[in-house]
Structure formats: C-alpha cells, structure tokens
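Should a chain be cited, it is by its letter among A, B, C and D, assigned in written order, with residues numbered from 1 in that chain.
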Amino acid sequence: MWTGDIMFANAYELIVFILNFIGIYEPINNIFKTLGIEYVLRIIIVFIEIAVLLVFALLTIMFLTWMERKVVAMVQARYGPMVTGPRGLLQPVMDGIKLIGKEDIIPAKADRWVFTLAPFLVFIPALLIFIPLPFGESLIISDLKVGLLYLIAISALSPIAILLAGWSSNNKYSLMGAMRAVAQDISYTIPLALSAIAIVLFTGSLSTVDIVTAQNGTWFGFIPKWFIFLQPLGFILFLIASIAEMGRIPFDFQESEQELVAGFFTEYSGIKFAMFFLAEYAHLFSVSAIVVTLFLGGWSFPILPYLPAVLVPLVSFVVFLVKTYAVIFFAMWLRHTVPRVRIDQLLNLGWKIMIPLALLNLLVTGFLLTVGVFK
Amino acid sequence: MNPAEEIKQLFPDSVVSVGQQIKKPLAIIKKEGLLEVAQKVKEMGFDNLSVITGIDYGDRFEVVYNFFSYVKKQNLVLKVVLGHENPEVASLASIWKVADWLERETYDLVGIKFRGHPNLKRILLPEGWMGHPLRKDYDMNVDQFVTIGEDGEDIVSTDGSNLLRR
Amino acid sequence: MTWISKNWTMVGIIKGLILTMKHILRIGNRPTVTVQYPYQKMKVSPRYRGLHAVDENACIGCGICEVNCPNATIQIVKYKAKWYPQVNIGMCLFCGLCVDVCPMNAMKMTGNYELADYTRESLVYGPDRLLFNKEVKQ
Amino acid sequence: MKTDELLINMGPVHPSTHGVLRFKLTMDGEIIRNCEIVMGYLHRGTEKLGEMKTYMQFVPYTDRLDYISAFPNNYAYVKAVEELAGIEVPLRAEYIRVLTLELNRIVNHLVMIGSLLLDLGASTMIMYGFRERENALALFDMLCGARMTFNYIKPGGVREDMPEGFIPKLNEFINDMDMRIDDYEQLVSGNEIFMGRMKNIGVMSAQDAINYGMTGPSLRGHGVNYDIRKMEPYSVYPDLDFKACMRRECDSFARYMVRIDEMRESLHILKQVVDQMPQGKAETHAKYGIAPMTGAPTAVSTYFPRIFTPPPGEVYSRIEAPKGELGFYIVSDGTIKPYRIKIRSPSFCNLTAIPKMVEGLMIPDLIAAFGTIDVVLGDVDR
C-alpha cells in the first residue's frame, strides 16, 4: 500500500530506480566509471527525459487540436473531422504536413531577423512551462523550490515574443493585436499571481510537489482536501485569469479574428504560423495543468492510498491527465458558447474587479490562517 | 389635401405641373426652386427620402425624388427636368442625410451634378472611370480595367496594361 | 463596468453553457445534421433545376429557348440532321426560363448538380449529352 | 508626447465586413475618429443589365441582388411590373407569395443573427442558424427547384403551384422553429457578455435614423413604429393579423431583438397563411409571356405573340424586405424592355448611417453596429 510519501524526488531518480530494478544500471554505470565520464550517463538520462517530454508535449498538442475540432463539432451539431484516420484522428498530422508544405512568406518590409525569431520565442517558453509540472507521483522533471514563481515568470515571457512578432510584421493589425495581447497579459498575470499566493499561504512552499502533497487526504472521509474548497473565490479568479492567459474566447485579444484579421500573426504563414499554433495549444495544456495542480489536487485522488505503491505513479498520471482534460474541455466548451468581450471591458474586469478581489481573497485567507481557522 | 397641390399653392412659380404617378401625387419642379420646395416638403412631414433617380431620355434628364411621410402616411414624388448639356441641380444632402449617397450614386451612374454636395465623388465605380454607365449614349464596347495602386487608389485603363505587375 | 456589476451572477452565460451541453449530449431533438457530401448526398426535390435535358422526339428546334435565355446560354445547333439546343453551363443562371417557354415541353431540368469540370469547353453541353429519348407511353 | 492618427483599411477583404466592403478608419489608438465607407467592389451593373433584358428575363437577376433573401427581391420587382401594367393576380398566388416572403424573412434573420454573433466571436450561433436555414432551403427547393436563386415569383402569379406534401413539411418547420428560437434566446439574448457588447453601442436617435434613410427592422429598433406592410398594405397582408415589432432603446441590442421578435411574428403569419390558403389557380397567366409548366403541349403559333409589354409609364413600388424598404423604380416606354430600372436597396441606404453611428467607438463596436444593420454586399453594390 502507498503510504502517501513521495517515493522519488523527480523522474531522474525514477528512471535510475527502474534501470536498477531491471539490473542494467550498475553495469552501464561501471562502464562509464572506468572511462571516467560518469556525467555522460547523467546527461543521457536527462536527454531521455527531455525526449519523452517533447514527444508527450507534441502528441498532446496534436490531440488537443483534434479535440478542439471535435468539441466544437459536438457543440455545433456537426461531426468534425471524419475522413483522415479513425474518427479523423490523423487530421493533425495532415495539418502539419500542409503547414510545412506552405510557402514561408516574409513580408518585404518586415524586420527579417525579429520576424523569424519571434515564433521560436513563443514556442520555447510554452515548452519550458512543462518542467516543474507534477505529472504524477514521482513524475516531475525537476522539483524546483521556486516552482510556482518559475511558472508565472515563464508564462510572462510570451508577451515579449508576441510584441516582437507584432512589431516586426510591419502591419497595423499585427501591431494592434500585439499591443492588446501585452495589455491583457500584464493585467491578468497580477490576479493570477495573487490568487496563487493565497495557495502558498497554506503550503508555505513554492514547490509544486509540496502543493500537491498538501492536497492529499480527505475531510470527513469523502471530501478531497483540494484547495478549490478552501479557496472558491481564488479558484474562480484563477480560472478566469488563466483563460485570459491562454488567449481564448472570451478573452482572445491577441487574435480577435473578426476585428484584427489574425492579430499578431496576420503575416505569418507555413511553419512559423504552425509554431504560434502549437504554442497556443501547449499553453492551453500547461495552464490547465497549473489550474489542476493548484486547485484541483494535482495528481492526488482519494483512491490512491488503497493502491499498491508500484501502481501509484501510473494511476496518479492518469488522474492528472483526466483532471487536466476536464479543465481543457471546460475552456473549449466556454469558448464556443460565449462571444468575445471588448478590450476595455476586459481591462476593466482585470484591474477594477479581479485585482481588488484577489487582494481581498489574500487578506481574508491570511487573516483566517493567523486566527487559526484552517488548522 | 393632395400634397402636390399644396406645394403648387405655396410655390406657384416653382411648380411646373402637378399630376399623378401611379397612385402617388407628382409635382414637376423647376430646378431653380428645388431647394426651397424640398425644405417645405421636409417641414410638411416627409421625413423619409426613399429614392433619388436620374433618367436619361436622350434629349433631357429627369431627376425623380420619392418621399414618404411616416406621420401622414403619404407619398410624394418630385421631379426636376434638366437639359441634356451639363445637367446640374441643387443638392438635398443638407436636408436629408441619405441624399448624400443617393446623389453620389446618381452622379456616378447617370452623371448628374449636384450643386452644394459636400463630397461629390463616384461611389460604386472607381475614381477615374470613363463615362456614366446609365446614360443611353454610354459606349459598352470599351473595356475598362481597374487595379488598386500602391497607395490604395484605383487605376483605370482601357488597354489592360495596368493589370501586369512590374 | 456597469455590465458586470449588474450581472455578476452570469446567469445568462450559465444558461448558454447548459444549452451547448444539451447539444453535446444530443438531448431533446438536437441531432447531428451534417451531410458528409462526397460519401452521402442530399436529396434534391423533383423540381430541382440542375442540368438540362432535351426530349429528342419532342424538340422541334424552334429557338424560343435561345431567344428567351437571359444570358445567351443556349444556341441552336445541328445534330443528326435536326436542330437542337446546345447549353453552355458555364454561363447558365439555372433560372428555368427556357423550360417555361418551351412550347413542346421538350426542355427539362434534371437533378444533376455535379457539373464542375476541368475545361471551359467541356462545360458546353451539346445535344449529344443533353438529348434523352422519352418512351412513348401508350 | 506627440501622438499620430492611425489610418486603417478595414477591408475589402476582412473577416467581418460580410463581403467586399472597405472601411477607411482614422483611429486614435483604438477609438474611431472618422469612418469612410468605400464600396463598389461587387458592382455588376444590374440596373444597366435590366435595360437590356425583357421584363421576364430580368426576374432571375433580381435574385442576385440580396442573395440571402431572394424572394422579396423577386416580389418587389414583380410588384412594380404588375402595378405598371395593372395585372390582376390570383388570390392563391398572393398567398403563396406571402408564404415565401415570410419564410425568407426568417431565413434572412437567421443568417443575420448568426453572422452578427460570429463577428462578436461566438461561432456556434451561425451553425444553429444555418441548421434551421437548411430546412427552409429544402422547402424552397421543393417549391421552386432552387435553394437560393429562385426565379419563382412572376408577373401575374407564381411559377408553379405548391407541390404535394409541401404544407405538412412547412408545418413541421413551423413547429420546429418555435423551439429553436427559444434556444437562440437562451444562448444569445441573456448572455452578459453579449449584452455588454451590444447595449448602448451604435446609438442613434430616431430622428437621425430616419434622416439617414434607415428602414426596416434596423429603424424599428429606434422606436419608429413603421412597417410598409402596415402603412401601405400590399398583397394579402391586410387580411393577416400581425404587428410591427418595435423596440425603443435605439442601440444595437434593440436592433437585434427586433429580428428575434420578427421571426416569431413571421411564424405567426405563416400559421395564418397555411390556415387561410385558398384553392384555385396560382400559375402566371399565359398571356404574360410565360406558359404554365404543366398541361399538354399546344401549337407553336399560339406562343409567338406572347411577349409581355406594359404600357408606357413610371412606377415606384416598394415592399418591406427583411432588410428594409426595397423599391424598384421602373420606367417603361412601351417596348418589351424597361427603359430604366432603379433599385432602391435597403442595405445601401441603411449603410449610410454607419459612419455617424460609430464615431467615437472602437473597432469591436463598429463590428457590432455593422452586424446589426444587416447588409448584404450584393445588395449594396448592385
């Protein structure tokens, strides 16, 4: 039976344990030891982790594009993609082939270097966010002591790249889209961070693993100790802010197709456009994962203590995915139900309502913790 | 009382004749008196200017104004007869805002000039189009090619040479 | 500001979410309605105005359809020692005036609507592709 | 700090201009300071074409003006010709015409609401709208063999009588629509974001709206209780019980709500039309140049003199099209072709109000206001 403790600090140790379990770690390690280059083995294992993460991320993104189409089709009484592969599952592959096959256009009056750099600058932070995400028990690339800070800092990088893309395109729509995106990102990162800090008050640690383990267990035997029940207002604020952070309807100002054609990536085509597209879906997944980690208990679930310890990493991974996809489904469902708000309404909502409410939430939480209500 | 008759009583000098256009009272106005008649027509409650039409009869142009009153639920048709050379009539755009575009359209397609119009440009056809298509002497055998130039202006030519990019 | 302070409960959005969820779950006569075109075809009505067809026996080559066509689509050409209409589908409005004016009721319009083709020439349907033989029912 | 005004060309190809329309916007940041509309990219010279076609041949061209709602175009033209020539129309034909007009009004408003919501970013409504529109188009297909360009209403009647089994299908549609409109209201009308985007946006006083030539549902959203069907009754509208839907708020939301109300009212009219549908003949009379489709073929010689020539004269005739007042001004010189046709299209005149309406608003508001005006570029450019 699983005791509730974390077995391995990160996925590196898990891999070493598995290799040990099979019995091949020692021989390989000895070979490297005799050569005097032990660190090469460490690097190889880290590279394996990164490769697994990349494959997982790309598969997730592909699946998400398919899922988006299927969800919108279900909402709109349609079938969605049906032709390529079973139920159209291979549609993202076809999309990728099509986008790679397209001409890569750089406008004559664009700033060529910045124009080329921007898609990568958007895509790389979207992947970097995956590093401190606890995908399951022991399944984490690196349990940073400042994990939450890292997450917020990395997601604040994307406005720079968006501004670069919008500016370098030399297009008025792109510029306006970029301006809007930056204004939106800045005004929504603050309530996002403030409502996350309220969680930190409970855990006393910025580490994502600590946040998840703090949510293990139940009250009265059936209510899971998730922070959503302690922080309902914080959850709502965080959810709204993270939908804004994802840049999806009702807050999709970076694109706002009907107003600014395609926002900051109006001038992009081919593989560079695909980069933005992939980054958007990577963002969708990672932001949903953060919501799950902070408020919905991460990979923890009340049935975990009743399972044999060997199965826990696997089951917790499945639990984490199910919760994340539930949040993603909600985002998609909401996207196809409501219209877009106007940019000034959005900023009003962010600065005049969400930030005061987040501060109030922080205040009340701190007060109650000091008084000792939650202990 | 018939609004056309009423106008005739008020402006005996300006009204040439009064008649009937199928179910609708019609008054033919001298072009000099159009503006003051129109002002009176607006005061009489004809707040909706339905349509402005220009008709080329070969020897003369006619400009027809159809009015409707939401208050009185009455129709009124005004007609101005213009000479074929250099047809020009006073603009009603200052009284009915909708006349702005309707007059531009009439200018564009029939070639009737409206004196005092704030912005008398072509509206449907590109600037620089040769001729006014709804005139009876418009030559339809001449092809005209339109492209958009560097600064968004329309360029018209008859030989299609501007279709070729540099 | 006013719009959110008055409606902070967001009941309307929740109602909308419920409606779309009904569509996702197909509750209450909200089925999927897509017709997957190349695999499934829509039924057109018997009156559908598609490609023309000319009754070989009835047509007398009078040319009334040619005169009445608003777009000069129809030409009368010689075929098998008689005169028959030839239709340029590329210019056709599918208005049905030729059918209306045919004095012998020889002109018909069929339900064939898949008329896309690779060349402009193949859009000209000569009598060889338009004629059909109506069986004499007696 | 020095700031500059930004000139933005919104269009001719832009996702939310409903076709090829161009707004030249002078922007101060996100605020529109001046809006100039450039059009004509879809100009096909329909009025000139009309001078070169016979009266019958021009009917299919009217379909292509406002292709979303083609029946009212047909009818407006045919009504003008009938007034010009003094043609009597069978009662059954008039009822069928009203049936098609009201059905087309529903179709038009479905497309309008759908595209409005699409412009605001909600992609779902247009799919629901098109789902019901598809049923209506199937009905049109049954009636006249075409789904969008009908050429059905002819001088003197309609092209063909209703086919077998049309009325049951229509009743099915009417019953279905009742529930669907409730669905739309649940999805759209109460949505707080939608109200935030629409309320107090694109405000214009009733006086201004009339002065700028707005007509139809757009004007009725400004508190002007006017409807040509009521004020100058035509066809069989005097026999039918309906009301002109009107809202007093003068903003985009009011204009949107008028459309929803009108769909309900149209359903109400359709129910009455189905109940009151008289028996008899509906096809156009042969002497106006069009023979009925059915019936035995007759000798050729009897068909030749049947070219329709109205007496010389002028007529301006108008109807309440789904978008507003649609009028045809026809000058006849007694030959087989009209001397001059002038089309007073509702979209063109309603569009006049946009520059005034959006001054000081933002691009998203321009889109919202423009969507509620409901223009079709085929109708604007003609």
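For this structure, a couple of remarks:
Here is the rule we go by: a residue touches a chain if its C-beta (ideal position, glycine included) is under 8 Å from a C-beta of that chain, and two chains touch if they have at least 3 such contacts.
Owing to the predicted nature of the structure, the values given are computational and were not obtained by experimental measurement.
Here the chain-to-chain distance from subunit A to subunit B, counted in touching steps, is 2.
When chain centres are defined as mean Cα coordinates, A lies farthest from subunit C. The geometric centre of subunit C is 22 Å away from that of subunit D, both derived from CA atoms.
The geometric centre of subunit B is 24 Å away from that of subunit D, both derived from CA atoms. Work out the mean CA point of subunit A and of subunit C, and you get 49 Å between them. Annotation for subunit A: residues 75-78, 336-338, 345 touch two or more other chains. Of all residues in subunit D, those that touch two or more other chains are 124, 131, 187, 191, 193-194, 196. Multi-chain contact residues of subunit C, defined as those touching 2 or more other chains: 3-4, 13, 16, 19-20, 33.
Pairwise chain contacts in this structure: A-C, A-D, B-D, C-D. Against subunit D, in their complex, subunit A makes its touches with residues 72, 75-78, 172-173, 176, 249-250, 252, 256-261, 336-345. Of all residues in subunit B, only 21-24, 47-51, 53, 55-56, 64, 66, 70, 73, 75, 77, 96-98, 100-102, 105, 109, 122-126, 133-134, 138, 140, 152 touch subunit D in the complex they form.
Across the complex, subunit C is touched by residues 71, 74-79, 82, 333-334, 336-338, 345, 348-349, 352-353 of subunit A. Taken in their complex, subunit D has these residues touching subunit C: 53, 56-61, 63, 124, 131, 134, 138, 141-146, 149, 151, 159-160, 163, 176, 179, 183, 186-196, 199, 289-291, 293, 297-300, 303. If you check the complex, the residues on subunit D that touch subunit A are 6, 8, 14-16, 30, 117-124, 127-128, 131, 187, 191, 193-194, 196-197, 362-365, 367.
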